[in-house]
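The same chain A turns up in both complexes below, where it pairs with chain B and then with chain C.
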Partner chain A sequence: MFQYALRRLLIAVPMLLGAMTIVFVAMRILPGDPCVAMMGDQATGGALADCTRNLGLDRPLAVQYVDYLWRSVQFDFGKSFRQGYPVSDYIGRMFPHTFVLVMASAVVAALVGIPIGIISALKRRSPLIDYPLRIIALLGLSMPVFWLGILLLIVFSLHFDLFPLIGGGDLDGVIAMIGSGEVLSYPWDFLRAVGDVLHHLVLPAFALGFTLAATVSRLSRSAMLEVISQDYIRTARAKGQRERLVVYKHALRNMMVPLLTIIGIFVAIALTGTVLTETVFTRPGLGKMLVDAIGARDYPLAQGAITVFTMIIIVVNLVVDLLYAVVDPRITFR
Partner chain B sequence: MAVVRRADPVDLAGLRAAEEPRRTTRGRLRRWLPISIGLALAVTMVVVAAAAPLIAPLSPSAQFSDAVLKGPGAVDRHLLGTDEFGRDLLSRIIWGARVSLEVGLVSVAFAFALGVPLGIVAGVTGGRVEMLIMRGSDMLMAFPTLLLALIIVTALGGSLMNEMLAIGVALTPNFVRLARSLALTIREQDYILAARALGSGQVRVMARHVFPNALYALVVLATLYIATAIRTEASLSFLGLGIPPPTPSWGNILSEGRQYIKCCPWLTTFSGLAVMVAVLAFNLMGDALRDLLDPRLKGE
Partner chain C sequence: MSRFAWLAICLVVLSALTVVGLVHVPDAAAQKKVLNIAAKEPDTLDPHSSTLGQSQAISRFMFRGLTRFAIKDGKVTTAEVEPDLAESWTLSPEGTIWTIKLKKGVQFHKGYGEMTAEDVKFSFERQISKAPGTRYGVNLDVIKSIEVVNPQTVQIVLKAFDPIFLLRMVGYQQGYIVSKKAMEKLGDGFKWNPVGTGPFYFDRHSPREKIVLKAFDKFVGGRPQTDEVNWFDVPEDATKLIGLEKGTFDLLYPEVVTADFADQVKKMGSIIDRRGPGGQERFYVNMTKPPFDDIRVRKAFMHAIDRKAIKETMYPGDLARLATSCVPPGYFGHVPMKFPEYNPELAKKLLAEAGHPNGFTIKNFFISKSFFYPKVLTLAQEQLKKVGINVELQIVEHATYHENIRKNLDPFVLYGGTRITDADAWLSLFFESTEIPDPATGNKGTNFAHYKGMDDLLAAGRVERDVKKRAAIYAETQKRLERDLVCLPLQDVPNQWARNPKRVSAPFSPDYGEFSLHYSYNYPEMLKVLN
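And now, the complex of A and B:
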């Protein structure tokens, strides 16, 4: 187990390094001079040279690369061209918004996707149950999240006026109240702020959650199908155990092991989904920050956001792989 | 012992009986219906894209100042309505099919042409070459498809060619991985041993034996990734990083229409529907092809 963990960790390090190298190279070959983007076309040659020196862009590429790697490991991504303050502060402020969205959509995806997958597997080839559920899953898989988001906005925000059209609620306020202890002094204000955040969260979480539920249901269907074809299920049935007990006691528990791998895939898809979901719902978050940074040619901000996205995905996959080995001792490193 | 021997034929008969329904009309329908629907939708899309100049009622860039932001059917000549410049939405969606299909097919062909040879070389050769190829592929795999395509298209600038390249590169590691895993299985087969015994070199073994035997599964994967490529293209254009206007693509029609969802929801509704139907077509086809050709791939 220890050897497995060590080797898995050793694979994650070069992967992270490679991914960061790709980000570095991509950001360096971007069209246009960052200083021109920052200072405008009117800047004089001297000012541009000063800017280039200040940003360290006059140094050899190899030096810049090592510097970028070293700073990134310390979560120092430089200063935003547009906003002027450190990128890591900006990321720190945006991260909770994205985290809340991913978590809420995970809940939606699990609540919708897992039962659909299980029922679809247990009632396999039943034209009235399995087929409609599989069609729903396929529709969810084919429906772009930004389109579903727009449809939800048209129906629930514009037509019925039930949910806000833009924004993410005062999540910063909620976090500040928890940090300062005001949550105890003003519980009603706190609850109102939480309610507002949830109100803003419903549509984005449903849009992202539904499209993710499709993936979750397909994966849980195949996990369930694999489990119910195992010998111990046949044994349980052969000894006369009721079908309900076979499912709850044997199949469900064992199905959760392969389901664990979903988390890794899920986080990758969900993070990508936040880029689109946050843009559609004009919500603050890492995804929207990335799109805005690219639009504004704010390279440090874009570089920081992409690096953080990649780090999260690699680390989550590493943790899932390690957890997988803990839960299922038969897993060994191949 | 006698009991066991007697039990065998009974079991086999039972198995045969269980398999029987698959050959009934319902079984056949279950098998062929999804692929037929997928194929019909995909063929329709190809025809619409290829014959866009003939099918589209109007030019996608023609502006009608007397019909700005008109709803579906509000003006006779604009069946699905018009956009903020008075351009015909139906014509723009028909021309948008061209962009989506081009990106879908070319980027997947690129990923196939680059990824499959690399995967087969990795699987058959093994050793350091395999390690080098697979670690490179793992690095790219660390990025979700959209994120990687977004990075590349940002670096290169938004254009049809760059978008195809970006999505193609982003999809390549998937083909490398599948081709390698198939090659690993195929290289152990007796016919490979026989080919080697007859004096076939590495290249001949890869090209004449491994590749043809891996082709079925790879085609299934390619079909599924056409759907991914179409969705990724629409996403990039929606984010304003894909094909720049005025060239119509479903993503940029959606992106432009987003500003008018209050007054004119048809702009986003129809263009999004087009994306969904196209993605659904290739997903249906890929799924059905997978079940038909290679049931072992169900988990891929």
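And now, the complex of A and C:
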């Protein structure tokens, strides 16, 4: 298993290099000059030339590319063209917000999507159960996250005043307290800060999670349908086992492998979903940051963010592959 | 314990923590006067470095200039100035040496000491020398040298007489005074640790979330009534409106004020503060590009455009004013102009006379996908189609649009924006021959009409010291534009912020009681939080 993981990590290096090259080239091919984007209608010829020189964009492309790769190896993605912050610090501050959002929406998607998928598969011959569940799934697929987000804000934030309208809570404070060990000294303050983060997380996690739950439910429905048509399920039923046991003991366990595959895909979908969710709920995070960076032609920030996204997807898929063997002992690594 | 029991326990714990988060803990913060603003996040807090509206708006909270826009008869005007950080000034007889005496006791934030002539010299020289990141050095190119006479007196020598020098010294863009000590100590870090002399000082920045400013006790005009300003990064106007209704925000800086937006603000009992001169949306027609090199085609183009219909569709009622001149109102030198009236039949006739009886097609016309650009251009496209001018649109990113129009790829250009409020500053950028964009020479100027017909008047205006004569010169420039038909202004759109009057009061009338530039409130220290 260790050798397999090592081999996969080595394969990840050219993948990452490829992704970094593509994003470097794509940002340069994309029409629009970063200096013009920054200066807008105030751009004059002289000012543009100064700006281009100051940002190092007057150097040959090959030099810029090598510089970018060399710095990236040292986890130095340069400084944001626009805001001047070191990109690594910036990403470091945004990443936890996106991470908790993705995790929370994964919980919502799993809690909503997997049961719907399983029940829908098991009761596929019962239109009164299967059809409404499939309609719910279809609703999730059809409702854009920005629309659902605004709806949730109007109902639960504006009218019922149950949840905050903007922000991500004091996540920086939570992380700082963990880092400094103040968790033990001020446990109530820590719990209140965690509660605040969760309070801010409920609506965005539900909006993103519900739209993702639709995909999860459809994938788990088809996974369950495949499993329950297997011979060993028929055998279990023929032995006279109760249906509940057949599902929980035999079907669910064997459904885990396709479900793990879903999780791998889910992370990629969820990361793209954070873009709109973070915008609508005005949460700090990587997704919104990336879109703004591309729009502003902020090369270092966009390159850094995409590199991090690529790394996340590579790592998640590696973990998923390793987990296959945990949930299914028949799988071995070569 | 079964797996389901564990799951249930986890859910209970999470719910309990969420409830903890819901519990409101009253503290000293509740007693403070806090102003909550929803706008986009600035790209920097260095006032000399950003062209974005939100950055310039927040700069005014923290920085001041030697002069400020004058308050006359209860209104703020942009055509006249009065002393701010300066106490008085004199101009030498030949009109090139300004001796400026500074107010005593003006303090910088965070213990950086008293503002002196050294700070003034530094603030301007860093821009003139085009320090990396600075954007407005071009507005100070008139300065030849700056001498510190004593800590309270600075002498600025100009290359030639400049009629708008005091306007350049206004607390806006290049006019802001920064702390030399802070800039030298913090270097690049000044961008997010700004030190000025304004009514509020920078406290902290949570990226993509908010910027917190606090009242400056030693502000030269007295401590502001507001204790704290929270500047939230809220990109979506829909979220801003929900926040205004809910009470999360007191002031909104919207991306675009549509009729629907204005209605919603009104319905919730809030008001819109309108500030002139705002931005002017206008067409420049490239008089060197066929078929627009024929004045009859330019005239036909203008007869084909129904300006009132565009204005009413984009900004119904008082959301904007139909533009009356190529120099917007609120700028020194503005006079009303006459433009070809909407008359499609006459447009067709003129096109036929010019050899285009069936009209013509403009292929690959680039337009920005952002702001007002695509909507205005689509309306114009429909109107032009009626007279036979078919415009095939290519909608592109805003940055691409700016690049393409500087490569002269569009035969007519839709443009917006605000400048220093004087006809010279405005006309020099859009009609002086040195500003004609040319990819061959790398000139990326903004004279999109490729106009060369007023260089003499602009030169004369720059040396004229008599105010009335200057006004006459700029009146003549507008007559020439009327004659040559290279500019068609559509509407003057004011800066508009939404305000909850039950939470915040402003001293000037919401309806054009203030003229301002990129920011909306000239004097944010005068805003009062009511509860």
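The rule is simple: the second predicted complex is superposed on the first by the 267 of 334 C-alpha atoms of A that agree within 3 Å, B and C clash if a C-alpha of one lies under 4 Å from a C-alpha of the other, contacts with A are read in each partner's own complex, and residues count from 1 in each chain.
Heads up, the rule we're going with is that a contact is a pair of C-beta atoms (placed from the backbone, for glycine too) under 8 Å apart; a residue touches a chain by one contact, two chains touch by 3 or more.
This is a predicted model, so every value here is computed, not measured.
Q: Per the contact definition in the header, classify A:177: touching chain B only (first), chain C only (second), both, or neither.
A: After superposing on A, A:177 lies clear of both chain B and chain C.
Q: Touching A:144 in the superposition: chain B (first), chain C (second), both, neither?
A: In the superposition, A:144 touches chain B alone.
Q: May I ask you to decide whether A:272 touches chain B, chain C, both, or neither, giving the answer as first, second, both or neither?
A: First partner only, chain B.
Q: A:306 in the overlay: touching chain B, chain C, both, or neither? Say first, second, both or neither.
A: Only chain B; A:306 stays clear of chain C.
Q: Should A:295 be classified as contacting the first partner (chain B), the second (chain C), both, or neither?
A: both
Q: With both complexes superposed on chain A, which partner does A:154 reach: first (chain B), second (chain C), both or neither?
A: Both partners, chain B and chain C.
Q: May I ask you to decide whether A:18 touches chain B, chain C, both, or neither, giving the answer as first, second, both or neither?
A: first
Q: Looking at chain A, does chain C or chain B touch more of its residues?
A: C
Q: Between chain B and chain C, whom does A:27 touch in the aligned arrangement: first, second, both, or neither?
A: Only chain B; A:27 stays clear of chain C.
Q: On the A-aligned overlay, A:208 touches which partner chain: chain B = first, chain C = second, or both, or neither?
A: A:208 contacts neither chain B nor chain C.
Q: Can you list the residues of chain A that touch chain B in one structure and chain C in the other?
A: 30-31, 150, 153-154, 158, 279-280, 295.
Q: Taking the complex as given, what residues does chain B use to touch chain A?
A: Those in contact with chain A are residues 26, 30, 135-136, 138-140, 142-148, 150-152, 154-157, 227, 231, 234-235, 238-241, 254, 258, 261-262, 265, 268-269, 272-273, 275-276, 279-280, 283-284, 287, 298-299.
Q: Given the complex with chain C, which residues does chain A contribute to the contact?
A: 30-34, 36-50, 54, 82-85, 90, 93-94, 150, 153-154, 157-158, 161-162, 164-169, 172, 191-192, 194-200, 202, 279-285, 288-289, 295-297
Q: Which residues, counting only chain C, touch chain A once they are in their complex?
A: Against chain A, the touching part of chain C is residues 14, 17-23, 25, 43-44, 51-52, 130, 132-133, 135-138, 188, 191-192, 206-210, 232-236, 238-239, 242-243, 245-246, 248, 396-400, 402-404, 406, 415-417, 435, 442-446.
Q: Using the touch definition up top, name the residues of chain A that touch chain B in the complex.
A: Where chain A meets chain B, its residues are 11, 14-16, 18-19, 21-23, 26-27, 29-31, 125, 127, 138-139, 141-144, 146-147, 150-151, 153-154, 158, 222, 268-269, 271-272, 275-276, 279-280, 290-291, 294-295, 302, 306, 309-310, 313-314.
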